[in-house]
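The structure follows.
Chain naming follows the written order as A, B, C and D, and within any one chain the residues start at number 1.
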Amino acid sequence: MSSQLGKLFKISTWGESHGLAVGVVIDGCPAGLKLSAEDIQFDLDRRRPGQSALTTPRKESDTVEILSGVFEGKTTGTPISLMVKNEDQRSKDYSEMVDLYRPSHADFTYDAKYGFRDFRGGGRSSARETVGRVAAGAIAKKLLKEACGMEILAYVAQVGEIECQGSPLQFNLEDVEKSLVRCPDPKASQLMEALILKTKKECDSIGGVLQFVVKNVPVGLGEPVFNRVEAALAYGFLSIPATKGFEIGSGFEGTKLNGSAHNDEFITEKGKIKTATNYSGGVQGGITNGMPLYGKIAFKPTATIAKPQNTVNKKGEKGVLKARGRHDACVLPRAVVIVEAMAALILTDFFLERRARTGLL
Amino acid sequence: MSSQLGKLFKISTWGESHGLAVGVVIDGCPAGLKLSAEDIQFDLDRRRPGQSALTTPRKESDTVEILSGVFEGKTTGTPISLMVKNEDQRSKDYSEMVDLYRPSHADFTYDAKYGFRDFRGGGRSSARETVGRVAAGAIAKKLLKEACGMEILAYVAQVGEIECQGSPLQFNLEDVEKSLVRCPDPKASQLMEALILKTKKECDSIGGVLQFVVKNVPVGLGEPVFNRVEAALAYGFLSIPATKGFEIGSGFEGTKLNGSAHNDEFITEKGKIKTATNYSGGVQGGITNGMPLYGKIAFKPTATIAKPQNTVNKKGEKGVLKARGRHDACVLPRAVVIVEAMAALILTDFFLERRARTGLL
Amino acid sequence: MSSQLGKLFKISTWGESHGLAVGVVIDGCPAGLKLSAEDIQFDLDRRRPGQSALTTPRKESDTVEILSGVFEGKTTGTPISLMVKNEDQRSKDYSEMVDLYRPSHADFTYDAKYGFRDFRGGGRSSARETVGRVAAGAIAKKLLKEACGMEILAYVAQVGEIECQGSPLQFNLEDVEKSLVRCPDPKASQLMEALILKTKKECDSIGGVLQFVVKNVPVGLGEPVFNRVEAALAYGFLSIPATKGFEIGSGFEGTKLNGSAHNDEFITEKGKIKTATNYSGGVQGGITNGMPLYGKIAFKPTATIAKPQNTVNKKGEKGVLKARGRHDACVLPRAVVIVEAMAALILTDFFLERRARTGLL
Amino acid sequence: MSSQLGKLFKISTWGESHGLAVGVVIDGCPAGLKLSAEDIQFDLDRRRPGQSALTTPRKESDTVEILSGVFEGKTTGTPISLMVKNEDQRSKDYSEMVDLYRPSHADFTYDAKYGFRDFRGGGRSSARETVGRVAAGAIAKKLLKEACGMEILAYVAQVGEIECQGSPLQFNLEDVEKSLVRCPDPKASQLMEALILKTKKECDSIGGVLQFVVKNVPVGLGEPVFNRVEAALAYGFLSIPATKGFEIGSGFEGTKLNGSAHNDEFITEKGKIKTATNYSGGVQGGITNGMPLYGKIAFKPTATIAKPQNTVNKKGEKGVLKARGRHDACVLPRAVVIVEAMAALILTDFFLERRARTGLL
């Protein structure tokens, strides 16, 4: 198990889907950041189950408690411990999963590796684990916002075959939150919503693609040769349950271009060096160049579906699984805030690293 | 700078394109592995510049020296230091780059972060840095092969719009090495070769996509929740120069499917639990399930092109760059072995971790 | 701040003296270890304030709650989150410390580094922080005991000028726990007890030395050249508040000997290679040799004393401090279990590392 | 094996006593530091064998080569690779050691852990390994000197029963280097020299104690709760071959004092907060307080002696070892620069960390 992330802004998440609570400890947050439970709750509410007809009906208020690291409304530089109690655990729904391996879930691999697992609701492999990430990410986002005005936004760019139209730079948080699906293109949003509800009714699930974009990125984040910004973001995003792909800047489409078309010409604007285009996606040589960071993350269709499925049990004997646990027909609307959190955690680490090593002598 | 990778099988690479040498130190390789310079040289030759008409004419024999860690033909468990001397440094070719920032290169960002850089041939940001990775990767590959029969293969799946036909499981190293482009589909290979030569003649460059596939993967590699196999692979691959995207299993295409179509049904075959399909790409819940690992990596067109390009210098003043340094019109044929190396390094780390934590009590 | 420890058995502690709670998250504990709250509570009770007339009168039941990572009485391999609520916070006692820096405490340095601190009871710099270490250490001790029979014991070897007589190998936990001071030599124990009570009455404090000894140590723990067993133990022990020194084996006294007297002759006993003497303290070349590990740790006199002391405030202005907070006149009796915990945490990490790298091929 | 050290200023050392070369790669050195081979050679010459009648007669020029990371006389922020070729390997001297385990050496434990070892001259367990540390340490020292005027000094404080008189603050590098033994008290130096030569003649060895002192230490280095300055120094020093103990400030002696005598009163001097005494040794709560850091390190008598010794071979069969390899009768004069290097490496890491986390918002 590896539930720790980060080198300077370090988090350690914990908790199972049907345990007593889930949470996170943040080690390395600088002192002096104003912080209240509300700052964190806002993002937890965006991740919360049961927030709309599109999401799992599991009822969780997901109320965060700050147990340490904040004094008189400000961070002290000591570890920040955050906890969210689990309220609505219907573990009985999972009694069938004790034996049968759910297809495309982690039941088999956890058993194979650990010999033993908390099967209730998927235990640690449940996406409920991301509560800790989102809580820590909310602090990272606030820190970056205050330290350099950085703004991190994610939204749903595709569900099934339906695509969001428009450039990532034109949308803001409000545009995204207006949509139940969290797609800022109203037309696509409506179609996506209908597709998700239809899929749900058919006892099935559907995948999609999230777009992320980061504005006001300082020049100089990233640590080549290994710890490049795009590599660290890829790591962060691919560690989110159900993700299958990542691309930055021009991504897979850009591979079809010639260098003369793809290269970003340097220009000077108001005394600042910029690029005329941004196929690079804001990163060159593994280091941010001050242009917006942007890219996409692929999410597979939710593995849990209400349709019966053939599978085997621990002994390898055949069986038919009919899931009863509550789940989302499409995880993307709730995954938006998780993507933002991972981006914020990764970029905060680089932000602190840049302070350590730049312009020393 | 972060030129270290790995937690148990740790590497530290060093060297600039036009410095005295490039190399790597491997810390944590288990004792008792038979190892000779030839084991490493084979892969270095696959990465070597000047190996065919398709690649940069820079002449480097890339002969590896083993400086420590091997005694009487076997690893001793102590650090293995490998060095490759640079031979053909034509630093004069880069005199224009002292001032002008090459578009879509790391010149600007390195200057911005470090205030200063070795501009000769791109210095540390040159892909020559990957010599160390390939050398270390050759050892990791050998270790995995001997310890569990694991086989790691990469090949060119797409150049520009031309695609390789066939399933990754059907190809082997020989098929790949027969092709100058390292595309195992002979038809596509020919078309790719022609396209690259044409692009070169036009003083331009072209991107593409690599496929990787790993067979005989043991069940139980991976450390959720953060250090998932797919996350670590994404990190490793996206740290390779010129990469813009990564996908595992069904990837971006799979997002359009329903769960009922995408889920991998568990079956039993000869007493072993397997999956009937493998949309998951060999990993579930961040842990390998014993099925082949496979996926794709996007490479942008080479940033260095012979065509003149507009850009600015350090002071932000306009200028026109006409590159004279030697370069590849398409990096993919030589990148194949780098991708294999990164996969091997990442998987060796997981292989050792699994030994540490599985079935203790 | 760095409140994380360990590479394979990783802990992340949190909490302030007068905050809501203190705790720890353990990441990397192997699955399948039987674990109940009682296993942990036993050691927490040995650390608990108010356990005897010798310790601070602060009343804390220090009841541990297991919030995650344990299912049906066994560890699952997922993070184990442990929490102990603070009950008896008399923050008013510390009102004077808002301004005045307590001599030989962390008030000044925390302010200097973080610009801001939770002054109540020392906040994070209070030894109350060690609750998390002791809780995690209890699990590590159990794991080592079950996996290889390892036994870790610490006791008070010196208070002021009074020394415990006898060899560390002759004592067991029962001998130690019989003594209020946790000194297994009854005569010395009585004298130490009297000295501590006298010192307390005089509004002063006194230092001392702890002995640690580890039996049934497997051969092969330790990772030279840097991560030697003695180096890692030194790190663990010197991270305990109030420690000023560490020695292993013959330590400082051994420096006066000749090599011919100090060298440990190898012998064979019942087919096993051992050493006739053990000046090495169970470690050679940074790796355990199967002989008992033993050594000493120096603790300075408690910085908090009831006598008035001259000091300055944040502005550098003179003042007189008369501490009212509750404290121990001698920390050693309660520090015994902290030393055991640190040894257990360090050795568990090595135990897992040895599994990863030994005898692979 | 763990031959890596550091989190921000990271080193990776390599090389065996009788291999081709020894060296180090430094990852994370800030850009812009003026650096030449001479800067490093000075300290290597202080560590070099054969520098006086007191040291091993092995002849090594220990000439350093800078292979990467430096351009036009300045560091570039990229990895710095340093190599020192081995010249005088008399591996035949060690033929007896193929079979017999040298008492108090690492032969047995390396075999037990790795199953196999390079026995020539102790291989990796030889103190020749510290060449890489000293080379990297020279760079760290220069960086600290230029960045904040920090001065790190070590000297021989005790050999056998002979002690150096005087306070660590009164001595400088010149005082130390004037003495063959590297003891700045001329009287003690003479006695020590005589004792070492006598011991050598008797085919024996002798231990001793080194003192270290660091002046001009900035306030705020250190990362409690685990990564305290004293813990990290203890780790660094106890990772040096032959060390058995460490103490900071008042150390073991201070344990006998009362708190009222031991506490360091805060005072204001020229507007700066200081302490009237410095029993703390420059660190409080794990963080430097701006006063000098000082302490001691215990070195056991050299394990290699020319006298015959009883021992066993790999099969456990008895034998008599008469060492012929070249060695020092007392390692302390050459260990001085290794201690300085370790202090510099540890403190540079903290220096960079402080920049990352202090005063962000």
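Note that contacts are C-beta pairs under 8 Å (C-beta built on N, C-alpha and C of every residue); 3 or more make two chains touch, one makes a residue touch a chain.
These numbers were taken from a predicted model, which means no experiment stands behind them.
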Would you mind naming the chains that touch chain A and likewise touch chain B? C, D
B-C versus B-D: which has more C-beta pairs touching? B-D
By mean C-alpha coordinates, which chain is most distant from chain C? B
With chain centres defined as C-alpha means, what is the inter-centre distance between chain B and chain D in Å? 38
Whole-Å gap separating chain C and chain D, where each centre is the average of the chain's CA atoms: 26
What is the distance in Å between the mean C-alpha positions of chain B and chain C? 45
Multi-chain contacts in chain D: which residues touch at least two other chains? 1-4, 13, 28, 31-32, 77, 110, 113-115, 124, 357-359
In the complex, go through chain C and note every residue touching chain A. 1-4, 10, 12-16, 19-23, 25, 27-28, 31-32, 65, 67-69, 71, 74, 76-81, 83, 110, 113-118, 123-124
Where on chain C does chain B make contact in their complex? 7-8, 28, 30-33, 77, 143, 146-147, 352-353, 355-361
Residue numbers on chain B that touch chain A, as the complex places them: 1-5, 13, 101, 103-110, 112-115, 124-125, 129, 158, 160-161, 199, 202, 204-209, 219-220, 222-228, 230-239, 241, 243-252, 254-268, 271-273, 275, 279-281, 283-290, 296, 298-305, 307, 309-312, 316-318, 354, 357-359
